[in-house]
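If you scroll down you'll find the structure; I have some questions about it.
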């Protein structure tokens, strides 16, 4: 099956391939009357944009977004918002090798097994280029939840993690890695550059925290806020794991250690800890919603790897061309966009069932 | 919102509370003509059933399932299958304390924040008792994918993991922990019993592997097989993290280490490794589909914890009564059931789009 | 496919066959805090109940509903509401004839063509007995829209229509036909009884008007209020046509005749006419929402009809047993229930997108 | 709510306003490997295109479709197909009157009531221009059901119906009315032209018959084939009524008259009649699927009509500009497109549940 719509009442439908003429997203169900122009979206796309430094792919894409519908006189009308980004730098290149043989770690073999053939140019639909559409749609979702602040940053590259004691949110935008720890960022310059020069790649762990989510969002039992976040994050290209709150570490705590004790506060409880990552029973508690996401190393590497070709014969393949040495870096704005989409959807879902009678 | 339906074309809708008269599941979209009786479901429920040994809650529930519709002359008709389990041992007890104050780590506060009040008897709808309905529905899903074998087992309790070298699938059913390593199971007897006697609790990590999934299942981009599995698993009570394949460990590998090289095989490729956990680009590759799930320690503990009451005043609460010292244990059959539901749904989704013309 | 869930955010899932042990509905997404008990549902079921007079089937079913979940201390909790009705009078009878041959006009042949076999006892899942579940769920939906009054009544039986000049809403409950015109009701006594005695059957037209629907409900473009009503009504057993407002008559008006002119009113416009049936562009206008529904004559008749058997051979079949001589009569409460379900769903959908920020 | 996606497994999402830069449709879930180019879509758009004769609006739109994704080397890839049509002739005109006051019969008032404001240029999203996207998507759906032939034609304009005895399918394309009766077409020339010159408008009835639908498509109970068709048709702009098979006339037949008797045939039964319109119990029977749709007269008329302005004051409005004197005519290809979309979706839904095991 092909299933390119995300969300329940605030819905995003994306389309487009790596080397087609354009890609885009339709955002449906957005409340009316929100101020929206291209300028509200472009900065988020710029954050994800390729070709900005040597730590990301050298493909040059302006990623200029156009709003083709759903906005009138500068405000959302409540009708579907069509966002389109033209592909500019689909460098003509020789795809004969990748057309014939499957790149291990990529979706090549799986797409062929499913659909019988595939658009092999740059990975076609399975390319991470699709995530530009998510970032654009995520920018719209942010307008639906103006009181929520979403921080996303890299906490580990190639197994080298940040020092939590040195966490400085102000540093996140100051380095090419979205790293909140200046010292770690300096170490990563060397590590990522070495991987790049070697034609190798590194994995990364991204953390995303949403502040200002009120208690009560989430739809038990099968659209729990944490379950929807897990699905949203695991669906990002190259993601292999998702944690909420303490995640795997929680499995090593005792019940006493893991309890997030509460005491009276002015506006709801004050929690003594947030092992739960802001979600209990699938519903937000009013604490920061915290998720951690593992990206595998980019599958495109220069080292030849054993594989098979479309006819089932033995082959060897190495991935030439422009690639991110660490996809987790550019994945960071995508994680933030998916957080925004899930939260905005759940705000509206909550209002549907429990909203005030007018 | 309340959202109690799971799946896209094979759909399960569950209902019921911990202390209501009954709970159940409606399974819709099941292919016709499959042999089905209560005897196909009961063994899976028995595996999850409480009160079987001292390592699980002492609540005594026969969990006898009735098939109320959708089956005629021993075969599924293609119409909705209604499964019902009566609650028997809703021990009358004093809920006045839990009615007034919020148990930290439980859904109590979140449910009140969302709905304005809650059924506080045994956690109401947020009780893990709901997972009995999933296990029953999962038994039906298994009939849809007869060529798939699903193994689920505990690989870690309280931070004490199994020795992979001692992995013996034959051991899984031989101990109360679904543990494939006999030595680990012996250690866990002591650890879990100590936690139980102390009124404390432990977390666990459950692994689930599906063998026999053909290449091609999965619905990119927003119903990827791994994304759906992540959402399914994260939605199980007490789960805080999900990994596919190598998961977080993949973030520490290089691209070369992480590549699952292929060579020619008789029926599709032979993979040299399975770091990917059987899924690439959201689509199954024909390798075993592998997922790992972290359960937090049971939130119900005897140690008093600081909290607030419904009026916002300071309070203290300790959870008396019958509880699992380690919910991950009884969560294991639930993980397997969710795996079955996701895979069966994706088999049908794949057939919808790519199935053979008659 | 089997698709037994109705609605988008307020969702009903039904299950059960004519001759199974029970049938039921799960209502999901209902707002919390609404007072609900069996007594709120039973009167609507009683209105649809068989065996009450000689103009309906003589099957004796108390149709006593049980609320199995979703209600605590007399109020909806926001979790799924499970409603169950036990079948009592599944008279043991000889089904060998209907098991072998297809009853024309019934779903027998279509079910076999689709599923390969069928539960032939009383029509199985295709029996109108399923509509009891809708009526029960509709009673819950009514609680969601307390300011809306829904009138449903029969305006034509066997081609004999009411006199609009004699319309008296107070008459509707005074005769066995839900007829608002006393004189017509008297004529129908004779017509329906003649059909009954002859083992024949008659069609009917049911009208349903919802008063008090505010302007603004409806979800363009593919969940328009009129489109959802049309789907809801056409899905009722034996329905073959649906009109909104003037319906087919509107196709015979000029644009001038069809215009629903407006003038200023105290609370929104005052409309000079309601050709539109209260819906424009798929959105309610604040006028009464009016729909008209055609029921075919009951397909079960005593006259032998030419058919084929399961092996494709020529056969002849006559439907013995208990049947409604005019299904449109007992279809009337079902039409009202579907109106309630659609409106309640759209109220919540509207609130999701356009509801007030708290 | 805004809900711009249609279908269950084959899904169309449309976007765009009458006077925006473009409009389009995303078709998701299409099987892979189907030959598709713009040339497969353009003829259907040309059939609906405005400005072709004096009986339709004089807006000049080439309606040239571009396929932006989902096709590679001339074949569908199984990924979303993005179709875009640029708006060319959004004639600059003075919208100050329609911006201020509500046109009766149009969606103006309802949109304002729902969303708080509206894009008033040419009706914005509520314009029938949106149906171009449906026709484009419908062309793709036709490729999914190559064995089905869909005929759509006008059977009545302004109350003047065709003579069934003169039905000639070959005539349908020979006149500007999609009329299968040459004599009726000649009468309609005069009637429609008179309405046009008078600035008035006429209603129409469109019939659509799908040949070659096999028995077994349809998803009881809440996605019945007839219910989905009814919703699909009622959601077309200006449609007020839908009939399946005999529709309202069936309500005037006896059970004997309405029975579609069967006798043995070479490939399934031979039916003696098709009162049912090819659907029983919500499932196709193998007979032609027949639906009839009533279009109201165009609401845009030159005669001034009493209305209110946005401030609630009395006003009068007449709709100047370019309009169809009878929207049912250009609605005919839209009816056919919706038939194709519903049938293709149900083919895939049926295959999901009942398709052959490979």
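Couple of notes before you dig in:
Labels A, B, C and D are assigned to the chains in the order they are written; within every chain, residues are numbered from 1.
As a convention for this text, a contact is a pair of C-beta atoms (placed from the backbone, for glycine too) under 8 Å apart; a residue touches a chain by one contact, two chains touch by 3 or more.
Computed from a predicted model, the values in this text were never measured in an experiment.
Counted by C-beta pairs in contact, the busier of A-D and B-D is A-D. Comparing the centres of all chains, each the average of its CA atoms, the largest separation from subunit C belongs to A. Separating the centre of subunit C from that of subunit D, both taken as means of CA atoms, is a distance of 26 Å. For the pair subunit A and subunit D, the distance between C-alpha centroids works out to 38 Å. One inter-chain figure worth recording: subunit B and subunit D are separated by 45 Å, centre to centre, where each centre is the mean of the chain's CA atoms. Residue positions of subunit B touching 2 or more other chains, listed in rising order: 1-5, 9, 14, 29-30, 32, 78-79, 114-116, 125, 220, 349, 352-354.
On subunit C, the positions that touch subunit A within their shared complex are 9, 29-32, 78-79, 220, 348-349, 351-356, 358. Interface of subunit C with subunit D (complex): residues 1-6, 8, 14, 102, 104-107, 109-111, 113-116, 125-126, 130, 156, 158-159, 195, 200-205, 214-224, 226-235, 237, 240-248, 250-264, 268-269, 272, 275-277, 279-286, 294-301, 303, 305-308, 312-314, 328, 346, 349-350, 352-354. Interface residues of subunit C facing subunit B in the complex, by the touch rule stated above, are 1-5, 9, 11, 13-17, 20-24, 26, 28-30, 32-33, 66, 68-70, 72, 75, 77-82, 114-119, 124-125.
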